[in-house]
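Take a look at these structures.
Heads up, the next two complexes both have subunit A, just with different partners, subunit B and then subunit C.
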Partner chain A sequence: MRNVIQSDYVRSLVVGTVAVLGLLGVAGLAFPESVAGDLAGIVFSASTATSTARLAAPIVLAGLGGIFAEKSGVINIGLEGLLIISAFASVYVASLVGIGNALFGIPGIWVGFLAGIAASTALSGVFGIVCIEFKADQIIAGLAVWLIALGLAPFMSTVFFGGVNTPNLGANVGWRYSTAMVALATLASWWTLNRTAFGKHLRAAGENPQALDTVGVSVSRVRHAGVLLSGVLSGVGGSALALSIGQFVGSGETMVQGKGFIAIVAYLFGNYNPIGTLGAGVLFAGLDAVQVRLQQLGYAVPDTLVQTIPYVVVIVVLALVGRTRIPEAAGEHYETEE
Partner chain B sequence: MSDSGPGSGTDPDRVPSLARRVLAPFADRSVAERLVISLAAIVLSIAVGFVIVLVSGRVAECTTAAWTMPVTGMGFCYDPVEVYVVLFNGALGYPFAVGEPGLLNPTWSPFNLSFGLTLSETTLLIFTGLSVAVAFRAGLFNIGTQGQLVVGALATALTVLAAAPLLPEGPAAGVVLILVGTAAGAVGGGFWGAIPGALKAYADANEVITTIMLNFVAANVAYVLVLEVFRAEGSSVVATRYVPEYAQIRPWLFSDSSDFALVALAAGVVCIAGLYYLLEHTPFGYDLRTSGVQAAAAEYGGVNAKLTTVRAMTLSGAIGGIGGSVWVLMSEGRWMASVPDLGFDGITVSILAGNNPIGVLPAAFLFGLLKGGALEIGFQTDVPTELVGVLRGLIILFVAMPEFFRMIGRFVGMGSGGTGGVAATSSEAGEAATEGGETDA
Partner chain C sequence: MNPAVHLDGITKRFPGVVANDDVDLTVERGSVHALLGENGAGKTTLMNVLYGLYEPTEGTVVLDGEPQSFDSPRDAIDAGVGMIHQHFMLVDPMTVWENVVLGNEPKAWGGLRVDKTAARDAVTELSERYGFDVDPDATIADISVGEQQRVEILKALYRGADVLIMDEPTAVLTPQEVEELYGVFEELTDQGKTIIFISHKLGEALSAADDITVLRDGLNVGTVSAADVTREDLAEMMVGREVLMEPAASPQPPGDSVLEVTGLCVDDDRGVEAVSDLSFELRAGEVLGVAGVDGNGQSQLVEAVTGLREAASGEIRYRGESILGTTRRERIDGGMAFVPEDRHERGLVMSYDLTENGILGSQHDPPFARGGRLDWRASRDHAESVIEQYDVRPPDAEATAESLSGGNQQKFIVGREFERDPDLVVAMHPTRGVDIGSTEFLHDRLLDLRAEGKAVLLVSSKLDEVQGLSDRLAVMHEGSFSGVVDPATVTEEEIGLLMAGEPLDDDSVERAAVHGDADPTDGGPDEDPMDGTAGEGVDA
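Take a look at the complex of A and B:
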């Protein structure tokens, strides 16, 4: 029954998106001189596609990470913080090694990439210990992860580089790499969640931890694994975000700018399905990319209003679909019965 | 479209909301234990901050060491002791003369600029902290105080600007304008808070997500509105015109540049008292608290849970909106696009206060100190002021893990025969754990 609802939901989402795009394409072909023509030109242009790919990477990857954590029963609202810390660490270590240099045969920029993943994973490990071992309130601890990263990254940047923004590395990771990573991570996540024993354990830890305990699998170990995976995936997203530009920007809300929260929305929107999360992430990133191009073409659409669209869409969808069904035991601590 | 697990359908509230499940054990702890945990969290974050300053002082580059570690003789670029002395002493305007015989600074007056800035921040945080606390007590996690503050602030600025020409200039008109403006802020913020409340109650939309989204919406829409319609002519930033001088809440005793008015702080304290009374001694407060702790029981007891949710969020938003009014009328004199993160800080204030209105006062003062002290750190030391942001996050992290302190309490208790408040209450940990499990029964 539940699966029927889910696939119905995903199907209507896909059909709706395709219909809008199709309508736009037809209108654009029929009236090439109109707004629709310009819009169609933008939506189907190569530069929009690449910038969508670039913007989607952190959202989709952190969203996938969020699925693993929440499916295991730990709500990770700190994805934003994981993105921030990995974005900074990747740029810092890449500049430490040096762009021209290599470490163990790995070019500097990729050493930075790995360091970003390591930093995010470490922070998620702390979050996991705090939530699982010390039974912290998950939402508040997640908020703390965000706030700590929001303070720590600009702090470190000032210590090392004398300002909240790091200098530009002068090199970057191309959009092809991050697109490949997004595709790979999405497929791997889907496979892991739906086709492996670990995926089954993960879902059981979030839905019915007692049952998992009864068959002799440690609930807290599965949950730790879920949280760490959210760290790894967010780390890939944060590194990809910063290294796609070659710089960390730490002013205001930092360069991550709420992408971690959009990631939460993306996986809720995709109803915990990695493929759906990919779709939602690409949709949000695409809206952003189109908006940037519209500005460049001189349309007087206030960009901030266009940026608001995803947020409003989320609220409307949440209201219409009702509560996305969160895992039964998410947010709860589990006591092993001995 | 029923979406809950098998066996549901008889009672939609059988499965308590996420926030309630998460927060129920949190709300049940005794006041004394919460106090101990909050204090321990502050001490622990200061200790961790000490280490962070040391480590970053080791990697930063400088010519002369600011601090040398005893015994090892290792030199560090930043002096962690000095950082904290400057932080807290500076936030008060240096009442202590460090290293001098009298210890107290004879020229110190409580009405100095730094202390004024600290109290100004404290005042604003009282309102945002209360806003978050009210929602928390109803089992709702209102992350949207920031957005409610933005909307309330804009409503205040526009109302006062529109109403000012209708009244003759003067102090009497000023009082009227301030009251009307604050009411407008409360209405604006209340409206913005009612939206996620209604969505939660009638459409089952998770308030954590909707309030985060509404923050972005509020910031963006307010920005565009002011940019396109209400922008002051010739202003280099996106801001409205200044409200008339006589309609601003002017500093009294404190210097003008501190932007701190005692009357606003007094209003904040009155709000604290009022909210405490409302929560603890009125039927509405009782409904609100019971639906926060045990929604199903509240429903059986005849509480209209949906209406309570909407009311609580509206009240929470209204208080956040008043915070916005105070920000406009006391701090800035106009609405500006660069709204500080007062709403987010309100979450930290409320959490540190254990969501108790009375606790909001010291918690807001602590974060006011951190804010005022951050400025002094920037002036007096080489340590980046972002350190204060790290401390804020650490405090919240530690407050979120009471079990950690209970473990320490048990450990210490075993060693020394049960001293300390934490050890005394450690038996509650067991109760809380049973409670957490029983939602599945």
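Take a look at the complex of A and C:
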């Protein structure tokens, strides 16, 4: 366990969450008619659990992707854009193939899922080339990824479907699939980062790229790999988000609604640890799910306020706790001497 | 038996510069070889050729009798050459073993995991074989600099290095760690490894090396055995026997005290004392030259005087008033001109044109600043006058500083500073990179300033320069003056001794003192800058 829950900080996060839930449970059982009773009923209900799982998938998966990019030294703040582009591409390709049809024996909805991953990976590849080969400012390029996707996805939806929202496919990917993917991706990410040679190279590329270069490992290759992985994982998250409903919603901030940014908050909160990122993602998604249920029960909880909680939390954590250590060379370009 | 390393007629040219000129170097297996020379002598370039970072323009690298052709450091590593850089190439938050095996990790499960046990065992085994005493599980950030250096050596050994190149290995170490490093050298050579280290410190080369090769201006001055050579010989080889300029006698006696330094101690970036209890006085119309091998505290002394670094203790008085705690701007406004050591870092803003660079330091003052805006016409006129007087080429005030050659950049800086109408000029290596003709001109200007009654603190590693221009010549060694002598009578051998930190016998000191006393208008006794009492007899 020492390695799985690496820091005291992640441990206290877990213990704290369990303690709050425990208190709530006791209070709810003791006073079933009170607000605590309602709250307990919501928190421990199956529907809250499934909607938490659904909402957590894009946050956790994009957050895991963000870890790979940032550990390698490239800060990818374009995760939001990767989620948007994959959400749209998955629905578009699934409708193109047709729900009842299959391509190479793969059912249409899963072809769409893969297409979402491909779209996100391709966009992250462009981002990587711009940042690593052309040494563009990573923050500006990341914002560009977001803004391009934010404009492009509703536009293409309008072109192909006549509106910013696509029609519903009439089929979806169940929450069990996305939950399994989240669990698998979290464990695989943890293993890759902590146990493989590639994980060590990623870390070295983000901390002291010259050290990696002098032992004969190409820094830019490692960084490209990190960025592409952020694309793959965000693609899984974006596809899972859209296909869990069977529709792409392109109005306003699109259906992604800042989950890519919450993902950055989640991995910072989790201190670049996939397990911690999972915990933070589930926590933020859970708050959102509870808030929605409270609205439905008639409590006037301002949703916009609840949605700011992750950002407030990350500022408090970064400023006061200060345990999150950003990789030394993150955001810096590296030029090999040879 | 073939020598471990043989460099055969290595010439390395960069555009406009010959960094190495037909250098031969032979290093025997199992020996420690020091590559000694001043900054810019071509030591690092030569080692970069051996390490495969640069391809030589001419010449061959021969390892153990086999001619080599390296395209990259990777080839050199494969051929058994390991480089330990001055700035360690370690990943701070990773452990010792992770750093040692980085890029060559032993793998298990078909590459799915790093074989930690095998890696740790390999590191422990190497560490024990050479008596390194490094904990493989320690995090780099938590261990001392000396241990980090041993991790770097382990990295090279793990990759099968037979020849270890170390760039200024003692630069970052404490004296105790230096002793330990010498012990490490012994362990390594006992087991057949060959060590080449780059240094500009004489004592280090003498105590740690078997053989010493001295480079100067890209040329191999000679290879000597450490056992048969003295510090003085080495100092002379490094600095070179150069034609002595006839010192120009001062036209007037020195005037009032301009700069008084008493008991000054200054720390370097690592917190190690670089200037130790230094005292001297500089008077108007006088040039005090500071000679010495680079890195003996000259930079820190100059930084403390000019306000770029805080003094740890002691006192600096400028025109009678303490200037400790005053800002850089206050010192500039007070008439202190400064020609910095590093023209790129501190002399110029490389992307500015010469008009803009010409007013740096005077940007608050008329005629350049008027009512909250800059007068570009006046600035341009000023830049053009500096360009004309100091023969800066191309003569274009709109050219950016980076488009000029190093020598022309230097001329422009010196011109800007000299034309400030200063009371005190602090000049560090004022003619570095400048051609001979312009050097003479700058020297003449410096003597003109002296004639106008300015005080000049001149720090230079060019012996002929400090000797030719100074009224008094101080030689700096390990943070203090090992002697202050009369440049007119001192011999090169004596300077060599002082540079090596050996005090002269009374006779030579006497001569310097006599020279000072011979000054007709100087009423008081000449203060000996060595004894820390300078200034006490002077009414500020």
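One rule holds in what follows: the second predicted complex is superposed on the first by the 331 of 338 C-alpha atoms of A that agree within 3 Å, B and C clash if a C-alpha of one lies under 4 Å from a C-alpha of the other, contacts with A are read in each partner's own complex, and residues count from 1 in each chain.
Note that in this section a contact is a pair of C-beta atoms (placed from the backbone, for glycine too) under 8 Å apart; a residue touches a chain by one contact, two chains touch by 3 or more.
Fair warning: this is a prediction, and the values are worked out from it, not measured in the lab.
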Pick one for A:E328: touches subunit B only (first), subunit C only (second), both, or neither. both
Classify the contacts of A:T214 with the two partner chains as first (subunit B alone), second (subunit C alone), both, or neither. second
Taking the superposition as given, does A:F155 touch the first partner, subunit B, the second, subunit C, both, or neither? first
Report for A:T304: first if it touches subunit B alone, second if subunit C alone, otherwise both or neither. first
Of subunit B and subunit C, which one contacts the greater number of residues in subunit A? B
In the overlay, answer first, second, both or neither for which of subunit B and subunit C A:K135 touches. first
Overlap of subunit C and subunit B interfaces on subunit A (superposed complexes): 210, 325, 328
Tell me, which parts of subunit C touch subunit A in their complex? 53, 72-74, 77, 83, 85, 89-94, 98-99, 102-105, 107, 111-114, 155, 159
If you look only at subunit A, which of its residues touch subunit C in the complex? 191, 195-197, 200-201, 203-204, 207-208, 210-212, 214-217, 325, 328, 337-338
Note: in the complex, subunit B contacts subunit A through residues 1, 3-5, 15, 18-19, 21-23, 26, 52, 56, 59-60, 141, 199, 203-206, 208-210, 212-214, 216-217, 220-221, 223-224, 227-228, 344, 347-348, 351, 384, 386-394, 396-397, 399-404, 407, 433, 436-437, 439-440
Looking at the complex, which residues from subunit A come into contact with subunit B? 2, 5, 75, 77, 130, 134-141, 143-152, 154-156, 158-160, 164, 210, 258, 261, 264-265, 268, 302, 304-305, 307-308, 311-312, 314-315, 318-326, 328-333, 335
